[in-house]
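Common to both upcoming complexes is subunit A, partnered first by subunit B, then by subunit C.
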Partner chain A sequence: MTATELPGDGHATEPRAEGPRFDGHRGRWVGASIPRHEDPRLLTGRGRFVDDITLSGMLHAGFVRATVAHAQITGIDLTATRAVEGVVAAYDASDLALGDIVALLDRPAEEFTPTAMPILAKDKIRFVGEPLAIVVARDPYAVEDGIEAAVVEHTALDAIVDEETALRASTTVHDEAPDNVLLDVSMFDTPGVDEAFADADVTVEVTTRSGRQNALPLETRGVVVSWDARDDQLLVQTCTQVPHQVRTLVARCLDVPERTVRVTVPDMGGGFGQKCVVGREEVAVAAVAQRLHRPVKWIEDRREALTAGFLAREQTYRTRAAFDADGHITALDVDVVCDMGAYSCYPFTAGIEPLMASAEMPSVYRVPAYRVRGRALTSNKAPTAPYRGVSRPQYVVAIERVMERAARELGLDPVEVRRRNVITEFPYTGVNAVTYDPGTYRESLDLAEATIRDEGWYELRESTDRHIGIGFCCFSERTGYGSEAFAKRKMTVVPGFDLSEIRMDTTGAVVVTSGTMNHGQSHETTFAQIVADRLGIDTARVKLRQGDTERIAYGWGTFASRSVTIGGSAVALASQRLGELLCRIAAHLLETRPDNVALDGDGGVVQLDDPDRRLTYEDIADVAYLRSHLLPKDVEPALTATASFDVPGDGTFSNATHAVVVEADPGTGAIRILRYACVEDCGVVIHPKVVEGQCRGGIAQGIAGALFEEITYDAHGEPSAASFIDYLVPTATEIPDVSIAHLETPCAFTENGAKGAGEGGTIGAPAAVLNAVNDALRHTGVELDATPIHPRVVLDALEGGL
Partner chain B sequence: MKPAAFTYHRAHDVADAVALLTDLAAAGEDPKVIAGGQSLMPMMNFRLARPSALVDLGPLRRLPAMTAIRSDGDHLTLGALVTHHAVEKATLPEGFAVLSRAMRWVGHLPIRSRGTVAGSLVHGDATAEWCLLALLLDAVVVAEGPSGRREIPADELFHGFYATAVDLDEVVVEVRFTRPAPHAALCEFARRHGDFAVVDAAVALDLEGTAATGGRIVLGGVAPAPVRVPEAEAVLAAGGAAGDALWGAVADAAAAAVDPPDDATTTAAYRRRLTRTLVADACREASGGLR
Partner chain C sequence: MNDPHLLSLTVNGTEQEVVVEPRRTLADVLRHDLRLTGTHVGCEHGVCGACTVLLDDAPVRACLVFAVQAEGAEVRTVESLDAEGRLSDLQQAFSDHHGLQCGFCTPGFLMLAEGVLDEQPDASREEIREALSANLCRCTGYQTIVDAVHATACSRRQEIPS
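Coming up: the complex of A and B.
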């Protein structure tokens, strides 16, 4: 592994798979920051997003939504709605009679309580913003007039708005869960925890909390559904990370065969996990389009997105850790409570956050003994979905705060405490029964610290009366969860594999499919780079197809940093098989042995013992399609190949260390980030600029969680943020420059040596920023353990401590 | 987030706008003037404002007086449709240069490019920079109604909670700033740049050499409308060496005088603390950096 700044164009790496090779052309594309294939259309306004789709006769839909958090519905009267000019139809739950969304875990009743999410609320309102009825009209203005005219009668109930009211359970969100707990799993209680605490030289306790956030894709959710009478099929055009799961659930809720539902996905403006679950609104719109046999569009507006969209991240960790006198952690005991809101999301369930935290909490450290209890509470708040990082930003805050606290107790440097505990020998099987593949945990920590030290930040911190603090965060991130890893979570819908099909046409151009789903990650470019290297052609000859359930047999879409690890591997394998087919046909046409030919790296197959004898891919395709009588007897016509890929075992771990220097303003309490350095290792980098974009965007979202964004609810369950006035998504003004250094530990079991790069930035930033702020407050005696950090709290600390 | 139905009317000159407002009101409508629309349109999209008719002043941009920035002696006159961005880019006389400098705090560039000075004043947000500046520099709002023109001094303009003295059938024609202040500054704090201020402070100092002999202190975000702080101005009027000791005394007096609200976003104590910081910062900046 080498430490370098960003590798530039032409950065070469070793291809990893066995297969056709062409000396001198290895890695021509992989590793190069080539211009993105997506850019010409996106930068000239020729992208096509859901809201760009307009169909003849198209109607618009919107939802009558709950204005109270918790109530029994006693009546929904849509008479006035239907009388509004321009309104075509309006339906409540009883009109549509759709199946509920139910997400399950294969766990006993004492661990998991299944609950149903109706498409439209039936007898009970469970959060402000919950959809109660759907209104369809000729234009979006009439839709809102119709929504206003609806009359909803209800009997209000007390709202469950926090851990205390949920666990007190004076009222219940779901009858099936009388204690308001949807999941309660004690995943680990390994031998020696109590003994370790009894023998500890130092015991630290930290209670960390994180605010409820919205993943906030700039493109809100949306769907256009039309009925195709000729195909006897609903066409669902929607912005989702998981098109096949949308198809499965729409078919299930409408009680129709999956064949009669086609889901396609146009360009997308982000998802961040919020779009890797299936929403109720998409299903409702499909139902009304089917019923009316008219195209119907629904575009979520920002107020809906903030209040009724899926949220995430409201968690509390009560962490105890035992240390010996040398600063080695000897035991970890954690109680995780996640407020999952009103419903369990499909397919992940309300268990997603506590299960992720429980499985991964020991992080990058050698923890000998581990006990954890994870709970998912239900409350009268908008439901939750996975959000970039899923619990990892939060448990990393918890464990990194533990390291900082231990350092203070022991009088050691916090980086040194990390250094003494971090995993350095791989593969390492942790107390959590997870095997970590090789990474650069220690090296990234050392490089990040050296960067900050060499630039003089420590000296500035010591020599000034300004409130300057330095913080670190060291973490790893499991990417490319295969089916084996997800099965351990006991999901009944187990994601993991991915499929790819590749076709070469008579001109030698290639179309390749992937079951992953680009929503801003540049798959059209990076997957083309992988294919181009495997086949020895220009990336311009490669077109990626995703997001069409008719074209791809099944796929798990894009989430959990799985695309390049799993989808990229399937694409590589399919390309390799196509290369083998090309060689086989070429050997036959050249009248030589199959082992006497190879891809030449320039769009052709060459005879090894006589390089003057060569066939281009066009020559071969001509035979494969137009003169198939010349094919070998045992080769079928057409140039196609398929492959699947699934990551074995526990998946592959990317890792990083983030280092942050902050300054607290003594007049306002505002935190300014003076320096942000990221040292990351995601294995072989397919496209450096894309990886850097993922890092920077992720870090921006992590800083948002650390310093800005939160949706709070008052005692009645009314959400605080309905617009960007109140939901403080940071802008370019608030986000600092970020330097990124790459380390490279190739993954041994993905096709391209790549590890996932989608989430790390988001995971590392909250802990690094929080630690830096606490360091800036080191003279005050105050340590902050909650995010987002309000400047008022910082100012209180500075004034109280000075 | 779509507005309720309304009718749309284009005004061609000020008299036409006034006539439209009068006629629409007489017909039972609830008309509202729209200029840049940077506050009104979001409120209409949320259906928090639902005028039944809009009278658009956009066509009046053709009239030179409506977009003119004129300096005549000790006065600076801004046409009602002058945008924040036009003020930001203008080279103003020294006594009014604070207006240009303060514009960086107004929203974001797209907002500044469409939003108007008069629109901001009539909207009357308690933290709006123009409302503070109007009190700081003794602005006079010239409004035309059915019975002719009248002049509304800034200290009679703001009634609190987005209510102003401009009547529903009146159209602002121009805003005249009558009190030059060569030593003036506006400072504010918001969680994000471009947001409505949590607290903002505008200061104009009377300086003789390095001595302060008086001045004016205006605060936003501490009351339902922007307010002058006589207690803090008294400290300035008592005079003293320009510098941090005096600025601190002025700031303490301002912080002690205000009685800001606790609300869902922050506490009264924090607003008071910000008041102290921002008044001191604004004094220092207004003095040209005297510490």
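Coming up: the complex of A and C.
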């Protein structure tokens, strides 16, 4: 791996100029907000999402789903279903006899309990919405008729619906886990924790909770599977963030070689993590398409998406922290409990949330001593997948609440307490054995505070009897998880690297592949910018290919803000190698030394000592393909290059500070956001508008978690929100305008100096909003530690405190 | 009850005849019978607005309209907005302002915005925000969608002096 030298350390940048620019280092395209390549088709209705695919003879599928949370299945009768007009077939688990989905960790039995997720429930129902049978019919309307006719008999069991019922273990979700605990890891207990608490001037204890949320891509999950007899292959067209992992599980569950399964991904309407695990429905539809030798489509409806789709974020943190009299944190002791629902997801397992929290919890602060225990509980709820930020929105709430509480106890300003604790010298190796690469933790905090102060929000807060509060959140986000970093989690499936292949055709245009998977992040544009700069061609001559297991040898898809850091580095390296190949051929054709030529930045290779002598890429391609007898003897025909990239060590960290001003309505308890400022640093910005879009969209989802969205379950395990009437997704009137200031600390070990930008907004918003609400309630003596913040709770505080 | 019905309607200026079950939604007729897949379906209960089309010039949720209710009506979908691939002013504004990411909600927002701009040509930015709160977007945080529609409103006002 070659580190690209980039100038500058952390400093505020001027707003970037629009359009292509030259700065000698980064070329013409990187850093410019060029028009997105994706836009024309998406704006004209000519995108192709999975439900837009119609194949000749295609059938439609749907699922008979559980209506109770926990039960022994005593019978599934599909006789009446099969008799419904238009129904072609209906199968339960015994009909299909598929392998289970099993996700493993390389951890001892006392730390991790493997459990199986059947494709269709076999003996037992474990949550409302669990798929029990698949119905195939000529159209989706007949599918619904068939589902209604199914008869399911069961013996109900008590439901496990929260930490208390899970740990009481009067009944178990999985026989393998008699205590309803799937993971119990004490990742750190460093020397000096108890001593620090004994010596502490101030000890604070905070219990923070976050509600169960749905990542909620606006396009629900869906898949079209067809059997291609000519290719002897199942074609699985699905909206997934991880096509190769879908291929692996489809092949494994159907017990066929991977060669006989091809997974392709059309345009995808968001994912946010929910689509970065393999869905059992994808496998079931593949099985019936294989069995029927007919194309079969399944499109999840919104009720299924809300109740039976993967959920996330239901966590409790019991945090104790020791501080000295000057406000320095001296120890952190945390117990993290995550309610992972009924099953362990593939490939991440039920450990995804507690392990992330345990590894990263000290956040941006210098914590000398750290103890953490992380547990994953299983319950009778829809299972958990990674959701944008994965535990970081929650542990950041926990530690940011700790900072606020300590500030109150010590009589200090909360920003000042952060300032005294934040990491300022890099690289910094923390108590959690993670080395943080350079960032602007302190600078972002200072700039965010100055922004709010300069705009007069503190004066307004002091001069009015309105309930106005100001809150901050300072955080970093590991965005370059390479295989080394993931291996520390002890997954048996270790994501990390990315592969890229680039091909130039006879006209000098290139097609480049990536194992990442665009679903709104603008890879078709940003990766083209990277390639265009490396080769000195227009972005219009670069086409990105993703999402096809036949064209990409292997890929880990898109999650954890990994695409531009890892995938973007791989396409940069492949492009560079293609450039080297072009130079070798050109030197031969120009009859000069290889070190006497260079890419000229304008689609050609120039002879350095005689710039009038130049070959265009078309000239070179003409030889590489059509007159290969003219190639140098040691160069093979065709203009292709490949590269892989992996992030070494602990990876790279983006960072940001969010500042929020809120007002609580004394009549309704509703929270209105008056001002939202984000100061972020994701290294070199490839496309400023895309980064800002990621920030704003992430912040909107963070606000959604802080103030609105939650799926609760009653004592019987019935979910509260089965439609958008009950699941409160914020609209344009709830989400404020967000100002974004860029700081730029280039990453020293990604090819483009970029760090990831996909998740940060979501990570910072809940803590910033919660802190602001608590500031608005400061005169009431009430402090809130749970999200979402219900208006009723705010109202009670205001009425009780007035 | 499920007897097929011969439906006649005009879609994007073209007269169409479709045989439909009475329970078939307008969204399904547009997407699956007429193959106009630009109109998307996000919730099937009239909240998200991804399926918004113009029915006799007014924005409606195509998932909540039975196709037979559109008998004799004029329907406009996202496919009507560009001219042979040349983006309309509104579409161009969405691109300029990065008002779309995954693009799934975009056709619904475009058609909603066309309705809003038609009904309230003098709308302020805040009035536009209020009107656009009818639809859901999960990617953008809305700000750039509001910007795009507001910019279009401003430019259209300059084009047609009041």
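In this section, the second predicted complex is superposed on the first by the 776 of 802 C-alpha atoms of A that agree within 3 Å, B and C clash if a C-alpha of one lies under 4 Å from a C-alpha of the other, contacts with A are read in each partner's own complex, and residues count from 1 in each chain.
Heads up, the rule we're going with is that a residue touches a chain if its C-beta (ideal position, glycine included) is under 8 Å from a C-beta of that chain, and two chains touch if they have at least 3 such contacts.
Not measured: the values here are computed from a predicted model.
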| item | value |
| --- | --- |
| Subunit B versus subunit C as contact partner of A:D51, first or second or both or neither | second |
| Partner chain(s) touched by A:R792 [first = subunit B, second = subunit C, both, neither] | first |
| Subunit A: partner with more touched residues, subunit B or subunit C | C |
| Partner chain(s) touched by A:A670 [first = subunit B, second = subunit C, both, neither] | first |
| Contacts of A:G693 with subunit B and subunit C, given as first, second, both or neither | second |
| First, second, both or neither for A:R302, with subunit B first and subunit C second | both |
| Partner chain in contact with A:I735 - subunit B first, subunit C second, else both or neither | second |
| Touched partner set for A:S723, first subunit B, second subunit C, both or neither | both |
| Overlap of the subunit B and subunit C footprints on subunit A, listed as residue numbers | 140-141, 301-302, 723, 725, 731, 733-734 |
| Touching residues (chain side subunit C, partner subunit A) in the complex | 21, 23-24, 28, 31-32, 35-45, 47-48, 50, 77-79, 81-82, 85, 87, 91, 94-96, 98, 100-107, 110, 129-130, 132-146 |
| Subunit B contact footprint on subunit A (complex, rising order) | 140-141, 143-145, 148, 301-303, 667-670, 708, 714, 720, 722-723, 725-726, 728, 730-731, 733-734, 790-792, 795, 799 |
| List of subunit B residues in touch with subunit A within their complex | 1-5, 42, 46-47, 189, 191-196, 264-267, 270, 273-274, 276-278, 280-281 |
| Residues of subunit A touching subunit C in the complex | 33, 35-36, 38-40, 42-49, 51-52, 54, 140-141, 216-220, 267-270, 272, 301-302, 519-522, 689-690, 692-693, 696-701, 723-725, 729, 731-735, 737-738, 761 |
